[in-house]
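The following block contains the structure, expressed as structure tokens.
Note that the chains take the letters A, B, C and D in the order they are written out, and that residue 1 is the start of every chain.
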Amino acid sequence: MVATEYYVALSSILFAIGAVGVLTRRSAIMVFLSVELMLNAANLALVAFARQWSGAGSITALSGQTAVFIILALAAAEVAVGLGILVSIFRYRASTDVDALAEIRL
Amino acid sequence: MTLTVILIPLITALFLFFSEAADPLVRRFLGLLGTVSTFLVALYLPGTPGMSSLWLPGVNVYFALSPDGASAVLVLVASLVMIPTALYASGRVERRTGSFLALLLIMQAGLNGIFLAKDLILFYLFWELTLIPSLMMLGIWGGTKRRQAVQKYLIYAVTGSFLMLVGMLALRPLSGAASYRLEDLLAVTPALPAGTQLWIFLLFTLAFAVKLPLWPLHSWLPDFHEQNHPSGVADVAGTLYKVGGWGFFAWALPLLPGAAAVVAPVLLVLAAFTAVYAAVIATSQTNLKRLLAYASLSHMGLVGVGLFGLHLTGLSGAIYLLAAQMVSTGGLFLLSGMLYERRKTFELSEYGGLSRSAPALAAVTLFVLFTSIGVPGLANFPGEFMSLLGAFHASPWLAALATLSVIAAGVYGVNLYQRLYQDRETQPVADLRELELAVLVPILAGILWLGLAPGPQLERIEVQTRIIAQTVQPGEEIPMVTLGGRP
Amino acid sequence: MTDLISLAAFAPLLALIGALVNGLFGRAFREPLPGVIASLSVGIGFLLSIIAFFALAAGEETRVSITLWPYLQAGSFELSLGFALDRLSLLMMLIITGVGFLIHVYSIGYMHGDEGFSRYFMGLNLFVAAMLLLVMADSFLLMFVGWEGVGICSYLLIGFWYREKLNADAARKAFIVNRIGDAGFLLAMFLTVTTFGTLDIQAVNEAAGALVFGSSVLGVIGLLYLLAATGKSAQLPLQVWLPDAMAGPTPVSALIHAATMVTAGVYLIARVAPLFAQTPAASAAVAWVGGLTALIAAFIAFSQTDIKKILAYSTISQLGFMFVAVGVGAYWVGIFHVFTHAFFKALLFLGAGSVIHALAGEQDVRRMGGLGKHMRVTGTTSLIATLAIAGVPLLSGFFSKDAILAHTATSELIADYGNLVLYAILLVTAAMTAFYMFRWYHRVFAGEERFPKKLRDSLHESPSVMTLPLVILAVCSVLAGYLGLPEFAFPNWIAHWLEPSVETPVSFLHLSTSLEWLLIGLSVVAAAVGLGLGYWVYERNRGRLVARLEESMLARLSRSGFGFDALYRAVFVEPAEGTASGLSSVDTDIVDRGLRAGASPVGLLARAAALLQSGYLRAYALAMLIGVLVFALIVSLSGVLS
Amino acid sequence: MATFLILAVVMIVGAVGVITLKQPVHAALALVGTLLTLAVTYVTLEAHFLAAIQVIVYAGAIMVLFLFVIMLLNIQGETPPAVLAWFRPLAYIVAVVAAAAIATTAFMEPRSLPDEVQIATALQGGGVEPIADVLFSDFLLAFQLVGVLLLTGIIGAVSLVQRKVVAVQEARADGATKELEHA
């Protein structure tokens, strides 16, 4: 039985990697993938803590896992819309380069 | 009853907004209806009881109005001046007269609110409410450089009043008063420690000094008046809106007497300096509107001198002068409007010798000019005399300095009359027409009424001054209530 | 009895009504009507004053006060307006309405055909109302209302022919200089309130009596009232406006700038006699201001060429005499001189007026002369007035001027302030007065005719409406003197009459009768020297001597009015205008631009904040991440968890 | 402990692969690998149903969608970022510090794990039935909202696509008018 701290450490590492991915990759798709990665890192931490809280009864314990389940649904919707936007931007600018969209500022 | 004084102008303003397409006479009738009925209600105001209903329960803010003491006097005089102003505006403003008149009436409602409010936050609400129509009148109907004038006016007014809001909001929690109403605050705030009183008072002073206006914070005034609609109507509204003095009188001085005793001498110096400074500058002006602006600044300096003398006579005198200068300076601005209508310019160099072709206009201008420079027997004199007398108790030398402004006032008054009406004739102009006569009659009546019979009004003002004089307990050297009764 | 006296209270109201009627409907009336209305209103006022005068004389009380309505009220400070009719104010009322009535009648003729006819009479009536208010007021405040009221009326009437810039400037100058005096009056009132707690004149007089003798606060009050008086009575240093005030119509100069308004200063000091009696310093100041003004004004009058300017300087000089009288504590003497001076000075001005009228506006004495033959009545009445003012015995001028000289010599109040030197100055001035008045009479009425020939045949005496007042005034200026004969030998009515109104503890040295006669002799000698010198210079040597002196420095100094105008313009007017435009530019540039510059850092702040919105998504993402990071650090380090 | 380490290493390698591989397809596949390893970790944490869902929904549906879009837009590899050169190192530092901070906070307060039996009774193996109990009792509102969320997701995606058709018609219409003008 591995202590929860390790899972949390692992999830933070994954989260950091995802963050680096978001910050450094030029292509919007790659940024998307990194975001998914950060999302899953969060899911991992949730499941680890679900196990940690099992001492407090099944309702509280399982609520961690149900949260992950809901996040999954959310991720699906997010990807659908995200990719939709990506496609429309691609048609408009013929490139998914993140920096190329600079002039949306004030 | 007190609420009707605020509601009538608002309702008529509503109608006026939609009267754009209507026939000008309908607009004039509506404008007159609104202002005259407000004046009639204001006549019966002093007797009526006030009202006080809980407005914002969470913060304990009451919708409290009460026409006791000086507020009834100021409301009465303001509504008296508003009648000719509305009448003249309906005659002279060409573009979108309906909405101009509506803004004028909203401003009147706001002003009545300021004077009647007995709750600090409600006072602040009306304080800001009146700013909006004034800005719009300047911004929409103003002269060529109106944008800079609006910007400057807005920055001055708003920065001051926002800081004041901070002070106001802090007042209740710090002092633990039951609500923001004047009587609740009065019971508690004087006991505040000197330090807190001081910084709150300074915040109040900043906002009120802009509106008084006092010396360093006055530079919005000349531009405001110069760029306003040439009929002078918006300037009259602006003159009515110089309510910094009322702010000090009704709120800052009574609520924070400790700080008042400390800061007042400094403000007295500033006020005396403003009075003389503005009067001297007025003598050298070549633009009629700027000259009147500096003249009214000099009067407000005298109001300040009366207030910061922290003496019973001075306080009553300052408020009476505040009321009187509404009539006299308002009259002067309307006259400047009439002159502009005849010669389409405010440059004094192009005027001269009009007295031959327009003797009635010359006579009325001279009469109002003499009122404005404080000739005894006319409106400004009682207020000016008592203000200077009050200040004399505080510090004879500063009062002497302020009295110099009387001489400078004489100079600019007579200079102005000579440049307009005497010397060789430049171009004959039409004499007063019936609309203009109808506009000037209330002004002249007001001047004579305020000048010859100040007794009853002073009694009413004194009811409120007594409260302030009681709370302001400066050190022994400034005799608080007694009038120099030393043998 | 009191209601008869209080009738006089209606005099100012009548004059006011007359002014309103002329003002509002004036233009509708035909030529003489406004004049008639104005004269009637003042005439009835005169009758009321006479009735009140005799009622007061018969009755036993010396002071009737009528309260009008409450005016100011603040805490313990109560002030209601009211009249106080006592012997002094009634005497003044008689002068004002009496001389006023004559001048109104005279003006009907003088202003004949002027297009501002009704406006002129409105101004004159308004002036009489304001002057009556001034003398009848029971409080300093109401007196101040009259004080400024007369200032305004003199402004309106001096600038009556406003189309010429000269007249408008003269009016403006008069108003502003008066205003300086009024500011002094204001300050004096403030000090009176802080010291005595009230502005009621009688109360102040009684309280002043109780104060310690010569206390400094009284001194300051006295000096401030003196400043006010110099403003109104054209004494040093505020005397520059009166000569220019001659720009107004001549009857105006007669009424306002000779008989009534300019004596307001003397009346003020006489009215506040108990206060001045307590401060020798202030009284000495009054006396010395009067003395010096008299001397300088007389000297300037020597070289003036305008017929009215000479009389203006003569008025300033005679006012100087009155100031000396009230300065040394002889208040009834001051009023007595006001009384007599009103008659002969008004006569002189009206005479000058009828000369100007006859010569179609000519005012320069160098183009007059020998008019006595053509204008019989004006000539003789002017001669009487000249002799009276010169102090020829048995005429009114002699009695009042001699009384002033006598009291100056024997004054104890300002004994240690050099009253004898003052006496000497006055004596010399009396001689100079006689000289320049002889010059005035000779240049206008005697000697060879210097006016253009074509005027000669059209020259005629003024109409009777103008000459009748001249005759009346001439009679008065002869008889007036006998009301105030030297006390030591003869019954003196006016001293006894004014005694209750101005009784003060001031005393005078008691001289032996021989010394008194000596003093009278001295003043007669002074008058004789003056007239004799005048006769020798102008009659015998045909003014050749004068021609040689023309270019001397003294003559230039005298012509330029001692350079006061130039001095004031350089010291006060130019710097004031300079500071005004300077301050105006300061206001627009420094204060305005300064504050706008003060607002610029806000602009910098705004631009800096804009950098954050670079538009790069990744920058935003980084910012978010840093936010998370900082939050995490705070949570972990602050030990919230444990 | 060993299984955990293996799984951890595989996942980290997969994650690093996602952010470093040039070709988007390779990165997507690396992400799929990471997701599958994550599903296995769920099993070790007694979340069997979640593991199944992870494999089916995430690895199956979402990654397929990704691949589909990558293919559709045939996105080439990336050129190095020309802009904000100073940006990359800063990102690394911030990420490392963030990870370290979170990890250390976890390790600062180590908590004891409840024993095997307790976990088993509470989680009941993370099967469908217990999760359904929790989902339809405490999380009922959340469940409904997820439904709405998915609906908006679909509408969003469809509307984005929809505009394309309209745009094309307009383009054609403009084109026609231009020719008219020229003719």
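Note that contacts are C-beta pairs under 8 Å (C-beta built on N, C-alpha and C of every residue); 3 or more make two chains touch, one makes a residue touch a chain.
What you see is a predicted model; the values in this text were computed from it and never measured.
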Contact-linked chain groups that survive once chain C is dropped from view: A, D | B
Selected pair, greater C-beta contact count between A-C and A-D: A-D
Centre-of-Cα separation between chain D and chain A, whole angstrom: 5
Chain B and chain D: spacing of chain centres that average the CA atoms, whole Å: 67
Mean-CA-position distance for chain C and chain A (Å): 97
Chain C-chain D separation of Cα centroids, rounded to whole Å: 101
Contacts with 2+ other chains: residues of chain C: 616, 618, 622, 625
Where chain B touches two or more other chains at once, by residue number: none
In chain A, residues with contacts to at least two other chains: 19, 23-24, 99, 102
Chains touching one another, given as label pairs in label order: A-C, A-D, B-C, C-D
Contact set on chain D toward chain C in their complex: 83-84, 87, 90-91, 94-95, 97-98, 101-102, 104-105, 108-109
Chain C residues within the chain D interface of the complex: 616, 618-619, 622, 625-626, 628-629, 632-633, 635-636, 641-642
Complex contact set, residues of chain A against chain C: 19, 22-24, 98-99, 101-106
Residue ranges of chain C in contact with chain A within the complex: 610, 613-618, 621-622, 625
Partner chain B, residues of chain C touching it in the complex: 23, 69-77, 119, 141, 144-145, 147-149, 152, 155, 159, 162-163, 165, 168-169, 171-172, 175-176, 179-180, 182-183, 186-187, 189-191, 193-195, 197, 207, 210, 576-577, 579-581, 583-584, 587-588, 591-592, 595-596, 599
